[in-house]
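These notes open a run of structures that come right after.
Here come two complexes built around chain A, the first alongside chain B, the second alongside chain C.
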Partner chain A sequence: MELTRTNLTYQKIRSRISPRLALAAGLVALFVAVPLAYIFIRAVSAEPEAWQRLFQERIWKLFGNTLALVIAVTGGALLTGVTMAFLTERTDLPGKKIFRWMLAMPLAIPAYIGGIVHLSLLRPRGGVIPQLLENLFGQPVPTPSPLGFWGAAFILTLFMYPYVYLLSGAAFRTLHASLEEASRIFGRTPIQTIFQVTLPALRPGLMAGALLVALDILAEYGTVALLRYETFSSAIFVQLSGRYDRSAASVLSGILVALAIGILWSELQFQGRARFTQMESNWRPAPLMPLGKWRIPAFLVVLGVVSASLLLPVGVLLVWSIQAFLDPETMSMLFHTGSQGFGTYIWNSLWSSSAAAVIAVLLSLPVGLLAVRYPNRVSKFISRLCQVGYAIPGVVIALSLVLLVNRFLPFLYATPLVVVIAYVLRHMPQAVRASESALNQLSPSLEEAARMMGRTSLQTLIQVTLPLILPGLLAGGSLVFLTSLKELPATLLLRPAGFDTLAVRVWVWAGEGFYFQAAPAALLLVLASALPLSFLLRREQIFK
Partner chain B sequence: MQTSKKLFTLLFMMALLLSACGGAATAVSEEQATEVATATESSTEAATEAAAEISGDLVIYSGRSEPLIQPVIDAFKAKYPNVNVLLKAGSNSELANALIEEKANSQADVFITTELLTVQSLVAEGVFQAYAPAGVDQIPAEFIGEGNLWTGLTRRARVIIYNKDLVAEDEVPASIFDLTDPKWQGQVAAAGSTNGGMQAQIAAMQQLLGDEATEEWLNGLIANEVTFFGGHTDVRKAVGAGEFKIGLVNHYYYHLQLAEGSNVGVVYPDQGEGEIGLFTNATAAAVVNGSKNPAAAQPFLDFLVSAEGQKLFAEQNYEYPLLAGVALKEGVQPLDGFHLADVDVVKAAANFDAMFDLIERVGLP
Partner chain C sequence: MTKLVVQNLVKRFPGTQQSAVNDISFELSDNEILALVGPSGCGKTTTLRLIAGLERPDSGSVRLNQRIVASEAVFIPPEQRGVGMVFQDHALFPHLTVYDNVAFGLRGKTQAEVRTAVGEMLHMVGLLSHSKRYPHELSGGERQRVALARALAPRPVLVLMDEPFSSLDADLRAGVREHVRGILKSMRATVIFVTHDQEEALYMGDRLAVLQKGELEQIGTPEEIFHESNTRFVAEFMGDSDFLKGIVRHGGIQTAIGLVPQIVDLPISTPVEIAIRADDVDFHVDGSGNALIIDRFFRGAFNLYRLRLDTGQVIHAINPHTNILAVGTRVQAYVSAEHSLTVFTK
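Now for the complex of A and B:
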């Protein structure tokens, strides 16, 4: 608190905003705002007939479908995430050190890859498990289907809960022990304390996490398409590959983005309040809760979650990959498309995601500097505008970019650069948040000193600010890299011929039913995502 | 700080390593290509020399899915080793959308589609340039676009595949209209509204039966809990595995599933007196207007129409080649014996929009 007040006085003294900085931040905001604005313009200017038709036939059903999935998965992720965090942070669960890692790792597995694995295992009658059971008992045994609403909700929960788990895990660790002690002194049982004190104290952080999950579900394409559950995103995708008319897709996109912006707005509200869960100097770890006779059941529950979301998908991919490598025909026939080979896919994935990470971090700098060093309404607006990427699903960004680039920047059309731009737009919020939090931790007095010693503002930025916030920027960049690597719908729609990424190959091969071919690409994708993820986890001091 | 630096270095090195692997893999495939080239050179030197002069990128937009076009591309590459083929496979209408979008800024050299309605409706958009491939006179005139704007390649029939373990031969529906019979509720699989074969069938039915009857049929399918997949490969695999009893597919999916060892059977539907007849689609190829590499696009079309290319379609994918004199793969029933639905492609293409309207109206997934 004290520090913030000093910050404010500083900012009052040096309230003259550098015009160059303001211009740079403004340009970044413009870059982000144009595709968004364009979609709304297209949606509004669509023929009334298209609106009418869609409202009569599609929109209410899509609305219901999408909302039901958002609620189910967000609820599922909250329940799973908080339970897992509580068990690994606050109890004497056996093996909790290794579980802490394993519970976070599903973030490296794109949900559609998890879906492909679960589908191949559980598909009614055709899946591995139903067939095993049928062979065992000599007749078909009913098994839960991974298709449709419940399947999609189940699988998305499995791969989304880590968001909530990480946030609540950190909160459980940093929450002041005295809060809970006070509750116990006043006669609450440990269980009552959890529900009446601990969880309410964690609520802002949890809400922020849950709303991020909700935004991800709105944007999700691969998993729902695979499991044949229709949401706004998948309906837009179908529209785009259907009739020769973009107006219906534009209308659906406009509605989807409006919905997402509503969720993002509430998330930003909670973001502000989430700061209360901070460590203070007299912090000490809360005592562990003995599980007693519940140790084994709790262990099994955690093991079950880890198996379904990490061990099983990776294990199956590994087995398939080995089978692919053992079969020479698969190796020679299907490891290439056109004239392209497997190496090209790896290279395309790596360079496009890295480029997106670097660009997003560079663009986030002026926005972060302006918002943190000169907080006022305009800079706050710019910062929030730059977070709107969270609310624009990949299909919508793709639609907007196809129309915009082809009309106004035809020389860029059908180049891999458009794919990179899509990644930047979609994942810029992560970079902006990382830059802002890094700058928030850096006292402006260091920069002041450099200025007083006669450095120009640019010199100060390069010689003082950047080296000090570099770790934070790297974290932001890693996040952008990680999420770009997994990105599917925008890449599918925007890729020029011959520009296939690992994610695209997994999707296309799996779509043709060639799981053995898809597996090595999927496994590589998971490994390439696991590296930046473990870097992030270590950096955030979540695990030591 | 220290750990993060180390990790970043590690990450960076990993990236370098991976890209090095990438380079190595490309090098190997180039080597293979040269090997193939050397082998070909020794056989027909003069032709290869001319072929070697053709080079550059050849961008192919293919409505035929990757595994159904890759063998042909491989064979073409063996003849023209210096052409760098860039393939983008997708649904016909998705690629047609891209072609229209790119009219002023064309990216593709060749477009391949799995039915004639898309290619015909694109003619109206002025997307293609005329080219008469060598040997085109050996292809029936009805499968050549007006002014040589497109060339037909193969035909395929819309058939019913069934799992013989689950359905007795005398029980199998003999008409596509039986698929709406409640007897089959929840046991039928088909391709969804993004699939070209399905789209073409719906458009053809609209022409022959009118909107109302077609809508009734589609609504009947939906009411009968037919499962609509993104593509036919899923359908054939699901029927092969017994997940569904019957499926509506193109005929070669039956042969492909049979070749995988499944116990499946096939029905060429609607053959009775007064019935609508068998629906067929033709695949076609065209050179895109504004193609940057017509020197490679034209020999590619020549190759697709050549005996060698047609044989690949027939042998590898059990299709009906359009080039006279190319034999059917063993086991494929010749089309001559069937009563075919009589569809006017040009008319159907002109009403293409009505098909999309209908799909939207009934909410076909």
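Now for the complex of A and C:
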């Protein structure tokens, strides 16, 4: 309340937008908008036969496949995430403090790496578990297959639910105790209260989590390709890398982006006018619900989720890595593949992701400053535009950049720089959101005080604003770093020959069946993601 | 008819030395508004929550409409007690419109009945035109009225109000207070009203119960509480009293500002304190008087003076005269009250 009030007075004093800032933000918006617009132009201008051909055979099946997976995984992630958040935040579940961490950590494991592990364990022929059962019983025992729709839905749910878990956990935490008490007073039992008051009041948080999951599923390439389930993303990838049919890829991309924007739009519609209002005074945490005889079953359910999504993948990767180090042949393969070695992959991963993080944060600054300090229609539009990257899958950004660079900037073609640009475009929304929220928490009167004491606006920015919003910027940068590190399809499609990152190597080696060899790289990738992730989690109230 | 009987209620929270509520008993009859008042942490909100069923008493009992709802053996959950409550933060459901919030407590009724009841309540609080809005689209005063409508709509046997006006701005509070009391009285509601503001308690309550440190200090009409305080705490809390030292004599109490002609049932020469308020004291300019003006506060309709008596004690006096007296003026102060004053032994 206090902040908005000061913001308003600030508006009256300095409503003239600084032209330098507006120019910078406008250029950033242009940078983001061009690749997006170009895809639509290419899709619309593709030969009619390409459209016709695609409509006749593929598109409806792809559409159905993609939508089915989005719905199944979003539903699964909602169910798992909300249940886990409820158990760790609102009940007397044993060990919930450590579970809070373990339930969030799967965010550090790219879904395709989890998929590789589960596939190797469950594969119908030759998987570890079917093999074990066959040896035990002397004949093949039918086990659920991780391939196809249900396998993909299961594995993606396991590695996507943390989005919902984190957002609904925070929402459970901030929910005011008196809401539930009011529901009891007006005649609802505790169970009715959960369904009629608690969950509906948490809806905005749940919807935000579901949105992230749905958009991520649209963009997912590695897992669905691995589990042989065809979606728009994997079809575009095949068109681009294998058959090299760019107009077909453009058409598919156009439809995919339209689908993503449709999801974004319907979320806004569904949200409607009912907003989650943070209530004012004397917040009191809601009392914990005693689980009673359900303590042990609940504990086992949470343990099951944590095992399948964290303990098992990390454990298996550890065992494989140890086996890799014990086998001299694998060792030499690991450290000398052609002219390159393990160190090169680490270096490539780190520098490209770090560069993307730095650039994304720098670009997000003018956008955030403009949107927060001069809120009007134009600045809001620029800020929204910079966040559509969420809705544009990596394969689409790759396609757009391939086409654009080939045509207008051929000297950039097949340089690592294009990979970095793709990362920036794709993950910029996270940086923009972080910058905006950091700036929102900074009272403008601090900047005014600096101006009163004789600093120019640029000096104020450097001496006052930046040092104060630095933690927020670091958080945004960490998110960009974390997600760039995992980015697979854009890297695969855009990398120059010989530019191998950890993600690429894991993918290539695992695809060729060299699991032991892929394991150390995968493990390192997980660890490198876990560090910025735990920095981010520590900023959250529930992990203190 | 007696609506609510609270007997020897005790509640202690784990990890605290003192009981939050310690042996509180009182009764409430039909159509009565009882104001529970006391400083923060005195146990008034806990008492309310025990009656609502949001807390479980350690011992003692609560009887609502002749039915035991809480005792050592019985605990009826809040949803089966049929009480209404207005929360301090209003606790309006953010996902429901004003209409649905008010309708939330109306169950087992036909749609038409619900529509009539909600319409009636919203009309009464003057928010009929806002029924399709969401809580975040309302002002603080409007939210407060929706919360009241929601609590009253099911015609509860008892309405509990937990500092309902504390989140409103001061200039709004007085108007809302009048409006709310009017509504409660017109509906003949039985109400327990919790506040830490003694002025609000005096205004809202048919009777007042003053609490301190989990114990009931005094219960009575506003006049009794204000003029016949049982304890020094009540006198201090309810009305900014000064405590004038005195000694019991024949024919009254001898103080630094003269003999107060009040006969008390105490042995001669007992040292006592008389609770006096600024309107009980008067003075006139007198060069050889017994007090010195050390401060003057302009209060619009009157001037409030701080006087230092020759004994060193400081008391307050209201002087309605328009002639303004300078600080440092010597005056003769005396007790001007025409009602009996409360006397405490030291």
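A few points about this structure:
As a convention for this text, the second predicted complex is superposed on the first by the 516 of 544 C-alpha atoms of A that agree within 3 Å, B and C clash if a C-alpha of one lies under 4 Å from a C-alpha of the other, contacts with A are read in each partner's own complex, and residues count from 1 in each chain.
Simple rule for what comes next: a residue touches a chain if its C-beta (ideal position, glycine included) is under 8 Å from a C-beta of that chain, and two chains touch if they have at least 3 such contacts.
Please read all numbers here as calculations on a predicted model, not as lab measurements.
In the superposed model, A:53 lies in contact with chain B only, and not with chain C. Of the two partner chains, neither chain B nor chain C is touched by A:137.
Of the two partner chains placed by superposition, only chain B is touched by A:511; chain C is not.
When chain A is checked against chain B and against chain C, the one touching more of its residues turns out to be B. In the superposition on chain A, contact is made by A:189 with chain C only, not with chain B. With both structures placed on the common chain, the touch criterion links A:241 to chain B but leaves chain C unconnected.
Using the contact criterion defined above for the overlaid structures, shared-chain residue A:402 touches chain B, although it does not reach chain C. The interface of chain A with chain B does not overlap its interface with chain C at any residue.
Across the complex, chain A meets chain B through its residues 53, 57-58, 61, 123-126, 131, 225, 228, 230, 238, 240-245, 248, 333-334, 336-344, 346-347, 350-351, 354, 402, 406, 410, 413-414, 471, 474, 478, 495-498, 508, 511-514, 528, 531-532, 534-535, 538-539. The touching residues of chain C, counted against chain A in their complex, run 52-54, 77-81, 83-85, 87-89, 91, 93-96, 104-105, 107, 134-137, 150, 154, 166-167.
If you check the complex, the residues on chain A that touch chain C are 176, 178-179, 181-189, 197, 200-201, 203, 273-277, 279-282. Against chain A, the residues of chain B that register as touching in their complex are 1, 3-4, 7-8, 10-11, 14-15, 18-19, 21-26, 28-29, 33, 57, 59-61, 65-67, 70, 73, 77, 83-91, 93-94, 96-97, 100-102, 104-105, 107-108, 121, 193-194, 227-231, 233-234, 237-238, 241-243, 353, 356, 359-361, 363, 365.
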